[in-house]
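Just dropping this structure here.
We just call them A, B and C in the order they show up, numbering each chain from 1.
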Amino acid sequence: MPHFHIEYSGNLEGVVDMGALCEAIRAAAAQIETFPMAGIRVRATRVDHYAIADGNAKHGFVDLSVRLREGRAPEVKQDAIAQIFEAMKDFLVPVMATRSIALSAEMRDIDAALSPKCGTIRDHLTAAD
Amino acid sequence: MPHFHIEYSGNLEGVVDMGALCEAIRAAAAQIETFPMAGIRVRATRVDHYAIADGNAKHGFVDLSVRLREGRAPEVKQDAIAQIFEAMKDFLVPVMATRSIALSAEMRDIDAALSPKCGTIRDHLTAAD
Amino acid sequence: MPHFHIEYSGNLEGVVDMGALCEAIRAAAAQIETFPMAGIRVRATRVDHYAIADGNAKHGFVDLSVRLREGRAPEVKQDAIAQIFEAMKDFLVPVMATRSIALSAEMRDIDAALSPKCGTIRDHLTAAD
């Protein structure tokens, strides 16, 4: 935890650099005290079939879901999602100036009793490549 | 909001027209009073790795997740998911007559305090293309 | 229900046999009393854009979400997710020995009043192929 998952409409491929957007969100998340850096996982997937609003093919969307282990105070979560959304919006403002895009985010808790995890990332954080 | 997200097994590619299914769900959702038309985002993603029921490769699935901002009454949500599911089922009945397919849907609320959004779709709804 | 959905970073493609991992989870789930076999749907999707921990491209992840119809007791769900996670970990231990991988799982309930379903899988379970 935390998990950040972006879905975006296929008509934004080649218009938005999604790898760079993932990195921008990762960097923003790493600055937020409540998120342990080693647990940050940002990803983006393109959807090729979609139908938006009135069905016009020119519409697009970028939708972010954030999931994190339960236990943070509501105001901590509100601050965190606001900062992440700001980073996402800053990244997308230029393309939104000319295109029809819906931008959205959601944050929700993960049940701590039902979310096992393990891993080797911490072992590889300080090792030379 | 609302978000509609279909996942389907890769063995249905070329069997079901997923773009048309997205459009059928969009059109059904646009008829439902509780869904603001401009906020409708339907998408479908294919999964290429899967294992279903007894593991037989002939099985397939279509699974829809609907997420919407909290605040609707339970009966409003039940009516809405029932109508959406009916539209999805109507679309898939012909292919289900001969194939092994599990069809499912889920609707859940999004925490209003943790779901920022913005966008330019409304600016593009009435503009000439 | 139940639904099992894996997301994995694209740098694990060709490193982990994701079809076999789906099958391992399916087989483990089929052994667990609380899961009706005909309802098991395991799938895995690759994500091609991602940014993990400190942003080093060598990091990878495998993240499993399990969704099931509400009504199981907490201890039944804890036992179930523990067994599934064990099967996933056993499968991935060899590759985790040398690589930087975060492994995680989550289980959550689906609202029974908002989750219609139907299907033809049961009709095809005993039929000869």
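As a convention for this text, a residue touches a chain if its C-beta (ideal position, glycine included) is under 8 Å from a C-beta of that chain, and two chains touch if they have at least 3 such contacts.
Note that the structure is predicted; figures quoted are calculated from it, not measured.
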| item | value |
| --- | --- |
| Chain B onto chain C, rotation angle from CA fit, given as a multiple of 5 degrees | 120 |
| Fraction-based call for chain B against chain A, same above half, different below | different |
| Rounded Å distance between chain A and chain B, as computed from the means of their C-alpha atoms | 21 |
| Touching two or more other chains - residues of chain A | 45 |
| Of all residues in chain C, those that touch chain B in their complex | 1, 3, 5-6, 18-19, 21-23, 25-27, 30, 37-46, 67, 110-111, 113-121, 123-125, 129 |
| Residue numbers on chain A that touch chain B, as the complex places them | 7, 9, 45, 47-56, 58-59, 61, 63, 74, 77-78, 81-82, 85, 89, 96, 99-108 |
